[in-house]
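Multiple structures are listed underneath, in structure tokens.
Same chain, two partners: chain A is paired with chain B first, then with chain C.
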Partner chain A sequence: MILPGNASCQGCPIAMAMRCLDEIENPVLVIPAGCSTVIAGLHPKSAMKCPVVHVPFASTHSVACGLSEAYRKLGVDATIVAWMGDGAADIGFATLSASATRKDDILTVVVDNEAYMNTGTQASLSTFWKAKTTTSPTGKTEEKRNLALVMLAHKVDYVATASVGYIRDLRRKFRTAGKKDGFRFIHVHTPCPPGWRFPSEKTVEVARKAVMSGAWILWEYDGKLRISPPSEKYADKSKRIPLKEYLNQGRFAHLSDEDVKEIERKIDEEWDLLLKFS
Partner chain B sequence: MRLDPILSKATVGSAGETGSWRNFRPVVEAEKCSGCKECFYYCPEGVIEVKGVARIDYRFCKGCGVCREVCRQKAIVMVQEE
Partner chain C sequence: MQAKSDCDGARGVRKLLTSNEAVAEAVKLAKPDVIAAYPITPQSPIVEKLSEMVESEELDSRFVRVESEHSAMGVVIGAATAGARVFTATSSHGLAYMYEMCWWAAGSRLPIVMALAARSIGAPWNIHGDHLDLVSLRDLGWIISVAENAQEAFDMTINAFLLSEEVNIPVVVAIDGFTMSHTAEVVNVRQVEIPPRKQAYRILPGMEVALNAVAFGEARMLARFDLARDLEESAGLIEEKLGGLVEEYRLEDAEYAVVVTGGLSGDVKDAVDMLREEGVKIGVMRLRFIRPFPKKAVKELPSQVLVVDRANTDLRGVLSVEVAACGVENKNLVAGIGGKYPTVDELYSCLKRFVDGKLSDVEWLI
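And then the complex of A and B:
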């Protein structure tokens, strides 16, 4: 669905995820401002083979809802995909939440690079604990919001997390969600080389280490919540790789051993909470 | 109203010939390549085609090195561009 020679940086995880849109039939993308906007191309050129509507942040789900209703009335077979960054999910949260509550016929994909990258790495609600960004110059002090769990609380039919480090699992989730009707939500972990400060060839390795250290948990809800196969064994803490191996990125270079232990406790709490639903 | 002029058109190379961004060129050693397609799935740019062995379109490959990292056969080497 995305053509070569687009504007994504070297090793871009969002471009990797956009390639997986091939799993979805007749997608129509609704994209608020962010890296995805730039990657999708500047008029009169588009990097996407499918229709794209560029929208202001807070209108994302209103536009998507209108399109989806119009296509249904006209009998056009299309899958409306609201494709947004984690920052757009912060800024557009009111309409995202309302759309989920109405159970609009929309697939929402949040590509989460844990900051507002397109404007130069400002912290978002998704930014990892203690990570350095331009608005958290000594490391983020606030909580990290678990957006997928928040969406699950809207009692929608399908919610999943995914990662560009496990592309077959990601493609399967796009395929599964693409075939369903109603409000579907997929939260994709997208480690960003320039924003997190690691070399461009390490995108997949960093994404996998997030899962192997338990810091990013792959799960799927379709009436029942299940931990996805790549994450299963990391429910057992003793099977996880040392967290420090994942935190080997420029944005964490300032962390002390005590900081790492504190983050480990946060990760344990995330697992405890999630496993209560499974 | 004619909408045509305000609609963008799907274009290969929407950001130009991105192969010129490359500092290192990924080179496939055909005898080591098993044709497993792992590099095809992970290449962010979608410039790898695997028909028996992997082939890379250097017009647009940005030289990120992801393919080298995911190849379990170690069939891809990164060579410095001139």
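And then the complex of A and C:
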């Protein structure tokens, strides 16, 4: 679904996730401002083998809703994919929430690289606690928002988390969501080499360590919430790899041992909360 | 295009309607596929009426209840991109909130029709009429029409669909908040056939195409030039088939002219009639459109011109500046901001002072 030679950075996780769009039939992409705008191609070229409607930040789900309503009215078969970063999910949250509440026929993919990367790594609501960004130069003071759980509270048909470290799981989730109707939401963890400051050949490794340390939990809801197979064993804390192995990134280089312990505690809390839903 | 002029006398039903209701009746005839709106005073009755029509199945449209005006414009942009006929309506702060998307509507060259119940913008809070919201659309690339009464609100809304789909530029139809939006008049609801949806392009699944990708340099500048040129050239179609850019009232032999737009024009005409009875050769040029701006007509005005404005830019009114930009010197009266509506007597006394050469360059009728 995406051509080689596109404008993504070396080791870009978003381009990896975009390749998996071929699991979805008749896609029409709606892309707000962000890294994906550039990766999808600059005029007069396009890197995508499907229609792309570029839109302003906060309008992602309103434009997607308009396309979806019009295709339904005009009898056109299409899967509207709202493809956004964590930045667009921040600024367009009211619209995202309204769209989910209306149960618009839209598949939403949030590729979450935990900061506003396209403008130069500024902190977002998704930025990890203590992570350094250009607007949190000594480390972010607030928690990362759990967007997928917030979307689950909208009682939509399908919510899942995914990771570019587990492409088979991600592809299955794209395929499953693509076959469903109604509002579907997939939150993809996309570790960003320049933004997180790790070598560009280590994207998959970092993504996997996030899951293996328990820091990113793969789950799926389709009427019932289940921990996805790659994450299952990490419900047991003793099976997780040491958190420091995941935190071995430039944005966390300043963390003290106490900070790491605090993050571990927050991860345990996150698991406890999620397991209550499963 | 089977455009009907405003006065071609197509058979219809006479109904007592506010301008809000007249707009809704016209939209019903256009049969939009998708309507999206967020309520705001004094526009709300338009979309309340339309949602009643949709729920009673008088009108086969999808009505999307959005959470904001930004999203209302987003939905109609998305739906128009897919090839649907669309409608939305707003007012005041609603227009300000959807401002970003109004740029995208114009830049995307999508036929979109919006009604605007023109209202003051805060601070402070004020729900009454003026043109402060309306003039904020001037730089975007929208066609801007301004109705004088409920009949024209009806006719202009029908014409807006024809015009927008012919030139691929969004069209706004403005009605004055409360004095028109909530005032009932007799309207001939003409039974007009509006031709099927027409537009320059639409995006469908399977197309390997990107809409509005990043365009640097020449491509972006060309798109802006094309829009400006096409907007300017739409004047020809408006003059030929859609009732014209201006209405001239008692101007034939006039030595003095008053330029005005919207519902206030009726009161200005009454004041002009009073002066005519005194033998003063004075008339009115009512602007039916402020984009494209009726430059040609304005340049042919008599030498003594007074512009009456309901929106200012600095101390001067916006239309006064626009008229001056056509090389026509003018005196300026700023009136009716935030519903501080002038009486005919007040207008008469200002016009009298204008004719007597006693009106200052700019005056505010407070």
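FYI, the second predicted complex is superposed on the first by the 278 of 278 C-alpha atoms of A that agree within 3 Å, B and C clash if a C-alpha of one lies under 4 Å from a C-alpha of the other, contacts with A are read in each partner's own complex, and residues count from 1 in each chain.
The rule is simple: a residue touches a chain if its C-beta (ideal position, glycine included) is under 8 Å from a C-beta of that chain, and two chains touch if they have at least 3 such contacts.
A quick note: this is a predicted structure, and the numbers were derived from the prediction, not measured.
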- Task: State whether A:His254 touches chain B only (first), chain C only (second), both chains, or neither.
- Result: neither
- Query: Is A:Met48 touching the first partner chain B, the second partner chain C, both, or neither of them?
  - Reply: both
- Answer with first, second, both or neither: which of chain B and chain C does A:Ile2 touch in the superposed model? first
- Does chain B (first) or chain C (second) touch A:Lys155, or do both, or does neither? neither
- Message: For A:Gln10 in the superposed arrangement: first (chain B), second (chain C), both or neither?
- Response: first
- Message: Once chain A of both complexes is superposed, is A:Lys239 in touch with chain B (first), chain C (second), both, or neither?
- Response: neither
- Message: Is A:Ile167 touching anything from chain B or chain C once the two structures are fitted on A? First, second, both or neither.
- Response: first
- Can you list the residues of chain A that touch chain B in one structure and chain C in the other? 41-46, 48-49, 52
- What part of chain A is in contact with chain C in the complex they form? 26-28, 30, 37-38, 40-46, 48-56, 58-59, 61-74, 76-79, 94-95, 97-98, 102
- Query: Inside the complex, what are the residues of chain A that reach chain B?
  - Reply: 2-8, 10-13, 15-16, 19, 41-49, 52, 164, 167-168, 199-205
- Task: Provide the residue numbers of chain B that touch chain A in the complex, in ascending order.
- Result: 5-18, 21, 41-42, 44-47, 57, 59-60, 62-66, 68-70
- Using the touch definition up top, name the residues of chain C that touch chain A in the complex. 33-34, 36, 61-62, 64-68, 70-84, 86, 100-101, 104, 203-216, 219
